[in-house]
Amino acid sequence: MAKKRQYPSQPDHLTALKLPLPPRSALAPDLQKYFGICDEKIGFLPNVLAAYSFDESKLRAFIGLYNNLMLDDSALSKLEREMIAVVVSAQNHCYYCLVAHGQAVRQMSGDPALGELLAMNYRAAKLTKKQRAMLDFAYKMTVTPDQVGEADREALRKAGHTDRAIWDIAAVAAFFNMTNRMATAVDMMPNEEYHAASR
Amino acid sequence: MAKKRQYPSQPDHLTALKLPLPPRSALAPDLQKYFGICDEKIGFLPNVLAAYSFDESKLRAFIGLYNNLMLDDSALSKLEREMIAVVVSAQNHCYYCLVAHGQAVRQMSGDPALGELLAMNYRAAKLTKKQRAMLDFAYKMTVTPDQVGEADREALRKAGHTDRAIWDIAAVAAFFNMTNRMATAVDMMPNEEYHAASR
Amino acid sequence: MAKKRQYPSQPDHLTALKLPLPPRSALAPDLQKYFGICDEKIGFLPNVLAAYSFDESKLRAFIGLYNNLMLDDSALSKLEREMIAVVVSAQNHCYYCLVAHGQAVRQMSGDPALGELLAMNYRAAKLTKKQRAMLDFAYKMTVTPDQVGEADREALRKAGHTDRAIWDIAAVAAFFNMTNRMATAVDMMPNEEYHAASR
Amino acid sequence: MAKKRQYPSQPDHLTALKLPLPPRSALAPDLQKYFGICDEKIGFLPNVLAAYSFDESKLRAFIGLYNNLMLDDSALSKLEREMIAVVVSAQNHCYYCLVAHGQAVRQMSGDPALGELLAMNYRAAKLTKKQRAMLDFAYKMTVTPDQVGEADREALRKAGHTDRAIWDIAAVAAFFNMTNRMATAVDMMPNEEYHAASR
Amino acid sequence: MAKKRQYPSQPDHLTALKLPLPPRSALAPDLQKYFGICDEKIGFLPNVLAAYSFDESKLRAFIGLYNNLMLDDSALSKLEREMIAVVVSAQNHCYYCLVAHGQAVRQMSGDPALGELLAMNYRAAKLTKKQRAMLDFAYKMTVTPDQVGEADREALRKAGHTDRAIWDIAAVAAFFNMTNRMATAVDMMPNEEYHAASR
Amino acid sequence: MAKKRQYPSQPDHLTALKLPLPPRSALAPDLQKYFGICDEKIGFLPNVLAAYSFDESKLRAFIGLYNNLMLDDSALSKLEREMIAVVVSAQNHCYYCLVAHGQAVRQMSGDPALGELLAMNYRAAKLTKKQRAMLDFAYKMTVTPDQVGEADREALRKAGHTDRAIWDIAAVAAFFNMTNRMATAVDMMPNEEYHAASR
């Protein structure tokens, strides 16, 4: 039988790399405060943030880009950005991102099956044409980035997306093509709390 | 926002094909009895069985092979057969099979995260060498079937599998390469009850 | 020079797996009778049936599904089902199935070159639009099963296929995606008699 | 049913391109003589030569390279060169080359099944290690040419090939990656006589 | 003949998206100062920075991550980071990144041919084993990210890389999998000045 | 740091194969004369010709085909033929051909960036519809040769190409699918002079 996995929610090291992760109390005050907000809002500190904390400047750079893309103003709703995250991660088979952002889709949409649908095959989901176009673009950027061109941008425009939305779709899809690879390359494991949440 | 999907648990037609599905009362008595056992054991009738019921001889042929592979004697445990089902379905991105057999892995293993791990990237799971070899073989059969050869069978033997187990691994992996394609080609939708079960 | 292969028409074991195959006289009477019908109609017992005979329940399950799909009522002619078998097997480079079903196409069509065309590149064959659509669907199911969707079903309908035919095309294409993988994984070798037949 | 194809053995035009092919009597005397030798040795004029005859200089350049590679001195036997031709053509699914060179393998080896094996999946054939290494190299050159490197050349040397043989294997494999693409791109159809020959 | 392209070095809009780019004088003073440093060090403002300037917060987030990865402390030299950038971009066929980072490799290495080698096929370059291992890892992360695992990390360690270096290699390779996709998706065009520089 | 490569412009052996290359003075007079014309026109002897000179008959066959395709009458301009060479070589990641023919595009077009564009991603280049169609056809022939068919030829015709031009496009694209593989398989290295030329 498969051995039961044990992923500590607050790891003191990455599973695969011997990079010591400092205790939270050793971080700069503003980062401690930011981690506290995560505790409050999410209920725990996402392991990806713990992982980056081995180097404060890397942690800040990651948070800066993540927050800008996923939380700040955008032509896309937060749910739509999470939907892109899941579809991109499904193609790259990134365990960490599928668990974490699948949960986000379940929570934000109030539709547990939608998280699974997008993680498994977004083409099976009932979506608006605008959302389907958005995910088709993110999918193509992921699997054949060199073939993306004006025809694809035109398809987005025809489905009702503005040029600003095209930038935002592209930026989120590109970002998860980065984080998927980073998470798998250093073997980040998601917090256990995600699995049962929002079912 | 994504529209909430509504999949009736006992569909009277396939979602994509206009093939009328008969009421259960119109089926032969032994099939009605079989469906009743499903109700009891699973809690509902899997939609795949409802789908095949448009033609009793097809339903019987499907049940015959399914039961033989997944429930009868085998060199593999039932959980291991479900693990293969999920890993194969993950590569083929089959929504129906991932939902249904992911639930089976969660239930049989008592480890909800394992179902997700296998559906997302089995390489991230902590498995015995014997199980990892089994899943590597199933994966290769799925993505590059023409390249499977003696070296791959030898790898299974070195990991502790008998020749009979090789047949059984191959048979289950091959079977889900059939059902994945069938489910997607006719757009079968899994019963909603799977999503929340065994979390 | 390549060594001349010697494949016994009635093997007493699989080439690659040490699973003893019983003599036909040891099988249940109905199976002996079925094998006798094969001898008569085909001229020999296909090795795939000999292979499955190591376990009678597996043999019955395989025959049950095979006969249902390839010989029973269908929206497709028997030749069309064999054409799908060959096109799917060509993509999976399955030696056993290409030899056996290539021969079936040669025999049923009375056109020896057609068997080779479909085994090599079906796009080079002169086919009706309806047949080309059927093979395009089977091809897509084989190579990118996760991308099959409503647009592909619509293409079949436009070419003149009913929804029942879509099921039948899908079922045959899916079946050979199973048997191709099984035959290669356990190294089944086709009977020598196929090679020269129907040229 | 599939329409019976009718490919004239001495076509007066390509099937897909409107390039008029001259009568043989209009060719330069040395080319007429060369075509006559083909008639004698092969029994007919291969359509590829008829196709190139629309331009005498192209015909001469093609014959020059073909004869050098396939008929002149080489570290490989003529059969081995034909084996490479078939394995490369199988990956590119080139109907013309598989028919013509599959026949050559059947004839030269005296083993009809070998031609089919190589056209379907060379890994299923019983080959010497030296031949298998040769075909593995040709296969890799065909499907992932950018990944061929010193390790692959070393594998050939370990299997007993000289550096001159490496050149010759590479040159034949490369050549059929050209002719496969040319034949498919302009839709060359093989002479019907190949199908029944050497079975 | 191909029309001569005209890419303004200081574009006032993206080529493909109608997102107005502000004049530099409209930017916050610290960003104006940063752009000034670019002018001085590089000789011009890279178009990617001009592109992001349509939104100051996005520009800051991009600069933050870029500088951290490519300019700050690392287990890799700046040249090695640029080598990874080029190898990743070659697989994704990103025109912008290949031009810009190919130039960086030419300049930093003092070896113009090295920039081309890495942009075309890094396997043809004469590299130390440690560098080759680094690029093999970046390549695998790019083309089959889901298959990266402990064996790949071990290969890096055996070639002499520390765990910190593994993080840094992964982070740079992941980053260019983001920027390649972003640049192509919004059709960023590199400054003309790159082409002739460092030849 | 990467070691500086040293590729002699007149190699006396191939880098990877121990095939002795004769001094030019040992070649037949007409070949010495041909090499002299290369010196004059190109400024040096391309290494590919030096490589083939280990066997005069192979050298003549190669020159015969090369000159016919790239220098003789054609429906395509010489620049267009070089553009196809570069686009095909980019997909096959052939270092030799990208360096040599990228330089030819730079020289013939007078547009240094065009050579890089085609070597990196031809879709980013501003081309006429006729040229784009030509390169799309060459690209498809390279990556999915088995899928090229009448629809693709029709696309060329609609873009203004004659049937003779289709032959010529196909012939050049097919040729570089041969030479790319040959150059990589035997590790040909381009002359250093190419790198700085025509920038």
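By letter and in written order, the chains are A, B, C, D, E and F; residue numbering begins at 1 in each of them.
Criterion: a contact is a pair of C-beta atoms (placed from the backbone, for glycine too) under 8 Å apart; a residue touches a chain by one contact, two chains touch by 3 or more.
Computed from a predicted model, the values in this text were never measured in an experiment.
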Mutual neighbours - chains that touch chain A and chain C alike: B, F
Remotest chain, chain A as reference, centres from CA atoms: D
Chain whose average C-alpha position is farthest from chain E's own: C
Proportion of interface numbers common to chain C and chain D (over half same, under half different): same
Repeat of the D-F interface, chosen from A-B, A-C or B-C (over half of contact pairs identical by residue number): B-C
Rounded Å distance between chain C and chain E, as computed from the means of their C-alpha atoms: 50
Rounded Å distance between chain A and chain E, as computed from the means of their C-alpha atoms: 23
Whole-Å gap separating chain B and chain D, where each centre is the average of the chain's CA atoms: 44
Contacts with two or more other chains, residues of chain D listed in rising order: 93-94, 121, 146, 149, 184, 187
Chains that touch, pairwise: A-B, A-C, A-E, A-F, B-C, B-D, B-E, C-D, C-F, D-E, D-F, E-F
Complex contacts: residues of chain E adjacent to chain A: 16-19, 57-58, 60-62, 64-65, 67-69, 72, 92-94, 137, 141-142, 145-146, 148-150, 153, 163-164, 166-167, 170-171, 173-175, 177-182, 184-187
Residue ranges of chain A touching chain F (in the complex, touch as defined): 146-147, 149
In the complex with chain C, residue positions of chain D that touch it: 1-5, 77, 79, 83, 90, 93-95, 98-99, 109, 111-114, 116-117, 119-121, 124-128, 131, 184, 187, 189, 192, 195-196, 199
Residue ranges of chain E touching chain D (in the complex, touch as defined): 121, 123
